[in-house]
Amino acid sequence: MSVNVGVLGATGAVGQRLIQLLDPHPDFDLVSLTASDDSAGRSYREAAKWRVDTPIPSDVAEMTVTRTAADAVPDDVDLLFSSLPSSVGERVEPEFCEAGYVVSSNSSNDRTADDVPLTIPEVNADHIDLLEVQRDSRGWDGALVKNPNCSTITMVPTLAALDRAFGLDTVHVATLQAVSGAGYDGVTSMEILDNAIPHIGGEEQKMESEARKLLGSFDGAEVQWHGAAVAASCNRIPTLDGHLENVWAETDEEVTTEDAADAMRDYPSLDLHSSPDPLIHVFEEPDRPQPRLDRMRGDGMAVTAGGFRETEGGVQYNCLAHNTIRGAAGASVLNGELLLNEGWL
Amino acid sequence: MSVNVGVLGATGAVGQRLIQLLDPHPDFDLVSLTASDDSAGRSYREAAKWRVDTPIPSDVAEMTVTRTAADAVPDDVDLLFSSLPSSVGERVEPEFCEAGYVVSSNSSNDRTADDVPLTIPEVNADHIDLLEVQRDSRGWDGALVKNPNCSTITMVPTLAALDRAFGLDTVHVATLQAVSGAGYDGVTSMEILDNAIPHIGGEEQKMESEARKLLGSFDGAEVQWHGAAVAASCNRIPTLDGHLENVWAETDEEVTTEDAADAMRDYPSLDLHSSPDPLIHVFEEPDRPQPRLDRMRGDGMAVTAGGFRETEGGVQYNCLAHNTIRGAAGASVLNGELLLNEGWL
Amino acid sequence: MSVNVGVLGATGAVGQRLIQLLDPHPDFDLVSLTASDDSAGRSYREAAKWRVDTPIPSDVAEMTVTRTAADAVPDDVDLLFSSLPSSVGERVEPEFCEAGYVVSSNSSNDRTADDVPLTIPEVNADHIDLLEVQRDSRGWDGALVKNPNCSTITMVPTLAALDRAFGLDTVHVATLQAVSGAGYDGVTSMEILDNAIPHIGGEEQKMESEARKLLGSFDGAEVQWHGAAVAASCNRIPTLDGHLENVWAETDEEVTTEDAADAMRDYPSLDLHSSPDPLIHVFEEPDRPQPRLDRMRGDGMAVTAGGFRETEGGVQYNCLAHNTIRGAAGASVLNGELLLNEGWL
Amino acid sequence: MSVNVGVLGATGAVGQRLIQLLDPHPDFDLVSLTASDDSAGRSYREAAKWRVDTPIPSDVAEMTVTRTAADAVPDDVDLLFSSLPSSVGERVEPEFCEAGYVVSSNSSNDRTADDVPLTIPEVNADHIDLLEVQRDSRGWDGALVKNPNCSTITMVPTLAALDRAFGLDTVHVATLQAVSGAGYDGVTSMEILDNAIPHIGGEEQKMESEARKLLGSFDGAEVQWHGAAVAASCNRIPTLDGHLENVWAETDEEVTTEDAADAMRDYPSLDLHSSPDPLIHVFEEPDRPQPRLDRMRGDGMAVTAGGFRETEGGVQYNCLAHNTIRGAAGASVLNGELLLNEGWL
C-alpha cells in the first residue's frame, strides 16, 4: 500500500532530484507536481528544463503542473515534499499544513522554529514527536518537518557519532562546497572557473545553529539545543556535486583517531528505505573522501569520512556527502519515510 | 652596481618563475642556470619547456644550461636561487655553501634546522643573522637561507600582525591550494577536475612547524619557536594559482574584527624592491579575497585578507597569496634582496 | 591633444574591459560613462560590480554614471564606445548618431546593414569611407561604425592573409569559445563544468555573414561581399578567455603549409596604438596556440596561429584571439583609433 | 554457459573500465588479470590504484595479477581483452594469438593491418570473417580483433548511417575530447585547466584512416577501404569523459537535415548484450548532445547526435560517445560478444 505524494516547487534543481528519487520509490506514489504560476497548466516536460543526468521519467513528463496552492493539490495526497525558495515556503507551507497536508520540506525557512522538528532520521528521529507540540500550538491538521541545510547534514552524523561516544565540546569546520548547492543558476562560470569563493551568504550561521538543534535533546515538550560551540567557514569551489568538509572536533573525553573512526564506522543506520548501511563509510586512505569519487556511496545517501589526525583536545578529520541527494532531496524523502514509519501519515 | 646571480634547478616550474622575476630585476644580473645532467650543455630554450604566461626572455633563452654542481658555476656568481627537489637540495646545497656561494633556497630541506634562517623579510628579517651561527658551526664561506612553504607564507604575515598586536595563542587553518603548488606534473587532470583532494603529503606538518619558527624570536644565538598551537588541514582544489586559507586565530588579548583588520592593514612592508606596499591588502567585501581575482595584487607579492568574523577567543578570516610568486620564487628573490641589503653578499 | 570619449553600457563585462583599455590610452580622455536608468546618478564604483583582474582605476571609480541617452552625455564628447545589449543598441545608437556623436560599437545590431562599416582596421580599413554613404543616406552629423563578433574576429585576419595571397574559396571552421564571450552571467557553472555545449544561438550565422562582409571589397558606394562559402560550428567550453578555432581553408591557388604560414607571418599590422606587430603570431610548435598561454600576446590584441597541415584543396590550421580584448573592447578601441587617424572625429 | 575471459593490462584506466563491465557480464567469466612485471604476484587491489567511480568488485580485488605473457595465463581462458600500451601490444598480442588465444584488443597497434579485422559490430560485423584470412596467413590458432580509436568510434556509426542512405563523399570533423582519453596520467591539470589543446599526437591520422577501413567493404578476401575524404582536427578540452564532435558530411545524393536525422534514428542496433537500442539517439534540442549530460546514454554504449544544419553539399551535425566505454572498454567487450556470437570462441 503506497502513499500518494506531491512535490512543491517541482521544476527547480532540488525538485528534479526529488522526482528522480520518488519515481522508483516503493512506498510513495507521485501524483502531484506544483510550480510557479507561469508553469501551471503545462506538462512537466514543458515546464521543467530537465537537467539531471538520467532521462526524465516518461510518466512524470506527461503530468500536468499546477499552481503551488492548497486548493490546487488533490485531497488524496498525503505527503508533500517542498523545495520552494524560502521566501515562498515561508508563506505557503503553513497554508498547506493548515489545509491538512503533511509537508517534508527542504526550504530553509522555519528550520530553527521552536515547534518545527528539524530531523536527520539517523541522528534525532525522536524529535519528530515535536509535531504534537506543533499541532497543539498551531491548530493544524497537517504537519511541517524540516531537514537541515546541505552543509550541516554533511558533518552532523559524524559529530553525532563523536558526541554519543566522547561528548562534543567545540567544532571548527571549513567547507568546500559544490556549485549545485546554489541551484542551477546560482553560481556563474565566470565566478568559479579557476577560482574559489570564501563566502556563502548565511551558510555559516545555518551550520552553527542547525547543528546545535539537531544534536540537542527533546524532552517531549521542547528541544534543548546542544551546548557545543560550532565555528564554520564556508567556501564555494569548482565542483559539481558533493560537499567536502574539514572538521576539528574537541571532545569532553579523550579520544584517539582509531576510537573516533570506530565510533563513526559503528554508528547505526535505520531500517528505512533510503537509509544506507553503513551510514558513515570510513576510509583508510588518507586522501579520501573526495567529491567526485565518493559522493555516490550508498546511492548518494551515505556520509564518508577519513583523514583522521590527532589535534589538541580532540580529533581532526574530513567528511563528505552528496549535497543534492543526502543534503537536500534525499533528506526530505528520508524524513517522509520516517513520517510514514512513525504513523504521522 | 648589480650582483651576479644564478638559478639552481632552472627548468622546473619555480625555476621558470624565478627567471621571469630575475630577468627584469634592477639589482640582480642573471648569469648562470643549472639543471639536471640531461639538460647540461643545451640552450635554456631547448632544455626548459617554457610554460609561464609571458614569453621566454630572449637573452635567457640562449644561455647554456650547466650541471647542478659547484664547479660548473662561475666564480663571480654571488648569489644562487635554488628551486631544486628537496632530495637534491639536501645533497647539493651544502656543497655550494661550502664552495662559498650564498644560496637563497625554496627547497623544503633544512627549513627547520637550528642554524638555517627561515625568513619572510617583512616578518622576521632579524633571523638572517643566524647566518653567523651557521658559518661558525659549519665553517662555510657561503650561506644558506630558506623561505617557507607556499601555504605557510600565505598565512604567516597575517598571523604576525595579530601576534604583535594581541598575542597569538591558537590557530586553526584550512587551505584551498592551487595545483601549481605541486609542480607542473604534480596533479593530473583526472585527479582534480570536478574534484578536491583533502590531503597533501607532509603539508600540514610544514605549516605547523614552519609557522612557529617564523614567528619565533631570535636572541643572537638561537631561534625560540613561538608557543602557539597551530592545526592545519590542507586541500587541493581545481585552481591554477593562488592559495586561499580560512583561519581561526585565538589571541591572548581580546580582539574585535575591526582591530584585527586594522592590525593587518597597518602591518609594515619593507623598503626592498619586491616588498609590496601595503604588504597585506584588506578587503571590505565579505567574499574576497578570491584566487583568480586577487592573486596578482602587488605583482603577486601581496597577501590579501578579508571576511573577518568574531569567533570564540579571537577572530576568523580568510587570506590569500600567489603560491608560486609570493609563496615560492618571489619569496626566494625577496630573501636575496634582504641578503644584499644586510651586507651578506 | 586628446579626444574626449565616453562608454555606453559601461558597467557590463565589455564595458569594464573598455575602461581598462581607455584609462591609460594616450589619445583618448574618458569623460562620460552611461548605463541603465538604475545606475544613473551613482558613482561608477557603486554602479559597476568590478570583475576585471586589475583594480578599478581610481579616477574612473569616482565618475558619476548617467542614463544612456544623447541628452545625458556632454556635448564635448567626440567619440562613444558602445557595448550595449543589441536590443538597446538598435534603439539608442541611431539617436546618438543623429545627435552628432561618432559611435564605435561592439553591439551586434546593424553589423550587416548596407551603410554601416564593419571593420577590422588591419583587414578592411578602407571600408570606413562607407561613412560618407551613411551620412548621405541617414542625414546624420555623427557616424556609426561596428566591429564584428568575437568569433569572427579571431579567424578573419588569418583568412584575409590567405585570401590576398591565394584566393579564398571555402571555409569550414569549428570554434572552442570561452565563457566570457557570453557576458558575466551568460553561462552558469552547472552548464559548463566537466562539459561542452555545441550551440551558441546565432553565432554560426554571424561568423558566416560577417566574415564575407569583412573580406568584401568597397568601391566607394557599396561593399561587395566576398564569395567564399563559410560553414561554422560553434562550441562553448570551460575556458575563461580566448577563442580557439580549427579552420580548413580551401584556396583558389595551390598552397603549401609553409606558404600559408608565411602569408600570415607577413600580414601587415597598422601604425595605430592598439595594433600589435606582428598582427598574427605564427607558432612552430604543433600544439599551439592554446587559450591560457597565448591569449595575452600583443596585450591581448594579437591573433595567433599554428598547427598547419595539408588538406584537400587547401590548408588546415588553428587560430586564437582574446575574445574580450581583440574580439570586443579592443576591437572597438582600435576602430576608434582608425576614426581618429582618418579624420572622422 | 559462460566463457572464461581475461584482461591484458588490467591495472590501467581502460583495464579498470573493462573490469567494471566484465564483472557483471552474463556471458563472460573473468578469471585472469595480467599487468606489468612489477604488479605480478600481487592482489589486484594492491596492484591497481582503483579510480573508477564505482567501488572495486570485491572478488576481483582478491585475484592475483600475473605477468603479461602467454605462459602466465590459464589454458582454459578463451578470450582476452587487451588494453596494453601499443608498444607492448605490438609485441605480445601476436604471442598470445600464436598460443591459441582469441584477443579482442583496444590497443592502437595493427588496426590498419590488412589481415586484422577492425570492427564496430553494428557497422561492419561482416569484417570479422577476415579472421579466416588472418589464420591462413599467420598460422595462428588464436585470433586478433581490433576496435578503433575512441574519437573514430564516436563518429563512424553516424557516418555509416549517412553512407548507407545517401553515399558519403567528404567529411570534415573537429573533436572536443575528454582528458580520460589520454589515460589517467596523460594530461596534467596545469596543461588543461582554463585551457584547450589543439593537438593530440597521431589522432587525426587515426580518425582519417580507421574511418575509411571501417566503412569499407569486405569481399571475403580483403577490405576495400571507403573512398571518402576524411579531414580531422583534434582538440583536448577540460572534460572528464565523453568525446564531442562537429561533423560536416558531404553526400553523393542530396540530403535534408530531416532525412539525415531519420537515417541515424533508424540505424539498426544488434542483438548483442552491450549493443544499445537505439544505437544512435537523436536529440531535437539544438544544444545537445553535451558530454556530461549524454555520455551515459545506453549505459555509455549509445552514440548521440543533434544540431543538424544544412551545409554545402550535405549536412552538418554534432555527435558524442563515452570515450572509455563505447570508445574503448565497451568496444572491446562488444567485439568479444560478436566473436562469441559468430562462433569464433
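To keep things simple, chains are lettered A, B, C and D as they appear, and every chain counts its residues starting from 1.
Please note the rule applied: a contact is a pair of C-beta atoms (placed from the backbone, for glycine too) under 8 Å apart; a residue touches a chain by one contact, two chains touch by 3 or more.
Worth saying up front: this structure is predicted, and the values here are computed from it rather than measured.
Asks: Considering only mean CA positions as chain centres, point out the chain farthest from chain A.
Replies: Here the answer is chain C, farthest from chain A.
Asks: If you tally contacting C-beta pairs, which pair wins, B-C or A-C?
Replies: Pair with more contacting C-beta pairs, B-C versus A-C: A-C.
Asks: Based only on mean CA positions, could you tell me how far chain A sits from chain C in angstrom?
Replies: Measuring from centre to centre gives 47 Å for this pair.
Asks: Could you give the separation in Å between the centres of chain B and chain C, each centre being the mean of its C-alpha atoms?
Replies: Their C-alpha centroids are separated by 41 Å.
Asks: Any chance you could list the residues of chain C touching two or more other chains?
Replies: Where chain C meets two or more other chains at a single residue, that happens at 51, 193-194, 238-240, 292-293.
Asks: What residues on chain D touch chain A, complex-wise?
Replies: These residues of chain D touch chain A: 51, 53, 193-194, 240, 292-293, 296.
Asks: Can you name the residues of chain D that touch chain B in the complex?
Replies: These residues of chain D touch chain B: 13, 51, 179-180, 184-194, 238-240.
Asks: Mind listing the chain B positions that touch chain A in their complex?
Replies: Touching chain A from chain B are residues 170, 172, 174, 176, 193-199, 204, 229, 231, 233, 235, 237-240, 244, 246, 248, 286-293, 306-307, 309, 311-312, 316, 318.
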